[in-house]
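Some structures are shown below for you to check.
After this come two complexes, each holding subunit A, first together with subunit B and then together with subunit C.
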Partner chain A sequence: MSAAATEAGTLPDAPSGSLLHRIVWHWRHNPKWELWFAWWMMVVFYNLYGVLFFMVTRVQPPPPAWLDASSVVQWFDDRHQGLLVGFAIVFLITGFIVPTNALLAYSMRRMSVSRAFPYSYLVIYSMSAVPGMLLTCVALTVGAMRPDRDPELIHWLYDFAFMAFDGTMGVFLIGSLVWMLAILLDENRVFPKWFAYLNLCNALTEVVVSPAWIFKRGVFAWDGAITWWIDMVVFVIYTTVFITLLRRMIVREDFGTGPLPELRTEEEAAEDARKPSVSMGTAR
Partner chain B sequence: MRRTDGELILLWTLPALGVIWISAFLIFPGFVHPMSPTMSAEEVAAFYRDPKNLPRIRYSMILFNWFGVGMIPLLTLLVLQIRRMAHRTPIFSYCLLGCMAAGPTLFLIADLFWLLAAFRPERDPALIQLFNDLAWVTFTSQVPYLIAQSVILALAIYLDRQSRPVFEPWVAHFNLLIAAALVPAAFVGLAMGGAMAWDGLLSFWVKNVAIGLWVVVMGIVLGRAIHRQRAEEGVAA
Partner chain C sequence: MTNVASDGSRPRGGDVQSLADEPAEATGYVPGQPDMWAFVLFEAFLFTGYFVVYMVCRIQNPELYLQSQAQLDLRIGTFNTFVLLTSSWSVARCVQSAREGEFRSALTNVFLTILFGFVFLVSKLLEWAHEIGKGFGFSSNEFFSFYYFLTAIHFLHLLIGFIVLGVVVHQLWSPARRSQELVETGATYWHTIDFLWVIIFALLYVMR
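Right, the complex of A and B next:
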């Protein structure tokens, strides 16, 4: 794969024109286009999800688990159009989360570990959106579609939606542990080892959330200070960290199979530029 | 025995699958004249309780339950063709594997809701209507992985920069067109009547015809690609 490394090394600087111009340039010339495509999809879609769930549909932060049926009907009435429009957009774009899972799987493929890790992660996380998010959106869409439905049934849809969202635990638990184990075993230095333990934190949030299946009030309910807020803080930190680390991985990628080259400082890069014989892809 | 022999066997399951899917579609009494979302709970319950309908609902949905995921081996063949493309990473084939894992699962969930509605039709009509709503909304709105699959496949084809690409560029254009045809179905929650409703022109007919067309066209181009691959392997051997 030295040809790839050389190609990456001799790549001229991207033009600084309009955004479209730059995208076209990268599409034509950037050997890492596929990886950057997946990374940008991840950034765009995590942000869109934030907007859709917190602002358009206003289903997050979650409403109380203890609401009675008539209050739940009122809750649906308050955000009727937002739920229907917001979830329609979710249905439109959710498939574009798969490049994220593909990139995460790719990070494990770049490690010195067995292919069993990327494949199991890919399948677990691709399937996770079905119970963990889409069923929630379907249930709330069905609830919003017929406001005149029996309040008890609307209440059931409300429980179904929020428990599917918060109470789907295993996929994220096992998925995070697979990633953690791969990072700990990896000898290609794709990620720093401390990130493995952040995966463990993310996995543990799924244990923390489990009392939501039992408690309807208080810190352990699905909207509780522990169950929701602590988990959300961990999730935001975890996501921000892996988005940053994956970006770094793509920059470092040399399309080789050995240890991933470390990032160089600007001085080192300038030093290398003065010595043209040093290939950019060489591991330090 | 060549590796592609097994692939050809899998490919030829497609016509059989097509016959089963079309039969199941015609057997289900709520598809040929799709059920309207404006039906009252009593009308929905009467539809399921009708002795002429009930067996047809159950048999068609059992057929879909058996064979709804039958496309997965064929989609795997598509993944293998993406692997042959001149890409630098397996990102696109991973993406398609991800779509494959989630897409048919969603169809299976819609199928479960229909079967549940038909399981005890003597239940309170409001409950029958609830299961019926869940089935139709899941069935109609759950296009996300089909849209992503077509768009990602199109990108993969455009980036297959070699003298004889695996699929010709028109296959990519075709996939983008199919993805566009599936878009209105995502908005099914917004309309109880008209073209956007779950029995409407866009959300039902355009969407389902687009899926059918995609299966047929991709089956043919996949077959041609596998045959070409066999011919090339034959020369190499």
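Right, the complex of A and C next:
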């Protein structure tokens, strides 16, 4: 598939100058620049999120839920600078969620379904940032801020942070079901139906997190093989798929209200380009 | 294989009656929406992950698993399996009847499937109540954690299955709808529930 095949017909050729020059050109001439901006913000956000949580702060994969107070203090000491610097950056980039959520809602706004779907999705996913990111980061930052604090208090912050992170499950569950239902009802073919079913699969993995409320050890604890590792694999696949599908949606977007045009291969686009001249020749 | 129109397009609502008169062609199409088969694949991968984790835990503590397994009633598990296999048979008959344009029979079979699903649901609830009554809860030991987890996540699929069968009934009810593709898609989902249960049954009740 050629991504340029559909766009080529609606856009004049972009100049081949410097990156800055091309960005300015697209800002002035490309009617999809806001969509592309939101999409790139989404890509940057998820990549930064991964680097900051897994490599800088090292709070993911999550540490064991069974650690005692002295081990938790040691855990904070080992990551002291990473937690403070990493979460300072996380708070700076939190705003990236806005264009990300806007694009997700836009995809549903483009469907032939009620406006209730994008609006509820927007509210749900904006809400998920509070427990899933902000509360977790605040609690862990507070824990790292004063290492001489009472170990029992630091232990409390540790539990609070990771339970808050898992607390997003219900929000993501409903969000995935809203998206699934919108895709199944949509007649504009914005997304393939299999993605609706992948949403269902993702929603079911959110349910699987619930045993983390009961267990401190084993596969059902917050760091367990079932509660975290398998869910994370599904989440990475799900995220990669929807970022890819959103890109295809932007390429296909025609700003109409009917079905989105399908992407065409370069051969089909070339064939379409030849057709008018053939018919004109026949007319003559 | 599902019916395919002469131009290769898949049947839509209202096309079923005329398509039902044509002999089924041997084509490369899968029954129902191919998208649902993608779901079957996702679920198969996901449950494979759960089963592998279960097996690894079991290998580390075989005595505990064997002793706990003995607390389960194999007859209930066998009954559950028999009921679900029967429900798969009736949903297959529903698809066949719809293909032949016998929609009254198709509806009867889908209602039978719902009934068998309901019997499974009630027997599973009774079994859980029975095990809890004996003192074996979700956090009693590792085996029972897996037992409740696997049967509960399967139970959730079953509940979604009732919604899916509701869509099938909705399609078959009115001559204005009757999309063979949706009927087959629903049946594919229901077979997935059955398929997953058979493996869960083998792992939890049978394997020693």
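Rule of thumb we're sticking to: the second predicted complex is superposed on the first by the 264 of 284 C-alpha atoms of A that agree within 3 Å, B and C clash if a C-alpha of one lies under 4 Å from a C-alpha of the other, contacts with A are read in each partner's own complex, and residues count from 1 in each chain.
The rule is simple: a residue touches a chain if its C-beta (ideal position, glycine included) is under 8 Å from a C-beta of that chain, and two chains touch if they have at least 3 such contacts.
The shown structure was predicted, so the numbers you read here are calculated from the model rather than taken from an experiment.
J.: Superposed on subunit A, are subunit B and subunit C clashing or fitting side by side?
T.: fit
J.: Just to be sure I read the superposition right, which of the two partners does A:174 touch: subunit B = first, subunit C = second, or both, or neither?
T.: Touch status of A:174: no partner.
J.: Name the contact category of A:98: first (subunit B only), second (subunit C only), both, or neither.
T.: A:98 sits against subunit B, while subunit C stays out of touch.
J.: Report the partner of subunit A that touches more of its residues: subunit B or subunit C.
T.: Tallying touched residues of subunit A, the top partner is B.
J.: Of the two partner chains, subunit B (first) and subunit C (second), which one does A:215 touch, if any: first, second, both, or neither?
T.: In the superposed model, A:215 contacts subunit C only, not subunit B.
J.: Between subunit B and subunit C, whom does A:37 touch in the aligned arrangement: first, second, both, or neither?
T.: The answer is first: A:37 touches subunit B but not subunit C.
J.: Hey, in the superposed model, what angle do you get at subunit A between subunit B and subunit C, Cα centres, nearest 10 degrees?
T.: 130
J.: Using the touch definition from the top, say if A:204 reaches subunit B (first), subunit C (second), both or neither.
T.: The answer is second: A:204 touches subunit C but not subunit B.
J.: Between subunit B and subunit C, what is the tightest CA to CA spacing in Å in the combined model?
T.: 29
J.: What residues on subunit A does subunit C touch that subunit B touches too?
T.: Of subunit A, no residue contacts subunit B in one complex and subunit C in the other.
J.: Mind listing the subunit A positions that touch subunit B in their complex?
T.: So the residues of subunit A touching subunit B come out as 4, 31-35, 37-38, 83-85, 87-96, 98-99, 101-103, 105-106, 109, 118, 122-123, 125-127, 129-130, 134-135, 138-139, 141-142, 144-146, 149-150, 153, 156-157, 255.
J.: Contact residues on subunit A for subunit C in the complex?
T.: Those in contact with subunit C are residues 192-194, 196-198, 200-201, 204-205, 207-208, 211, 214-215, 218-220, 225-226, 230, 233-234.
J.: So in the complex, which bits of subunit C are touching subunit A?
T.: 33-36, 38-39, 42-43, 46, 49-50, 53, 57, 138-139, 142, 145, 149, 153, 156-157, 160
J.: State the interface residues of subunit B toward subunit A in the complex, per the touch definition above.
T.: Residues 37, 87-92, 94-95, 97-99, 101-102, 105-106, 109, 126-127, 129-130, 133-134, 137-138, 141-149, 151-152, 155, 159, 183, 186-190, 192.
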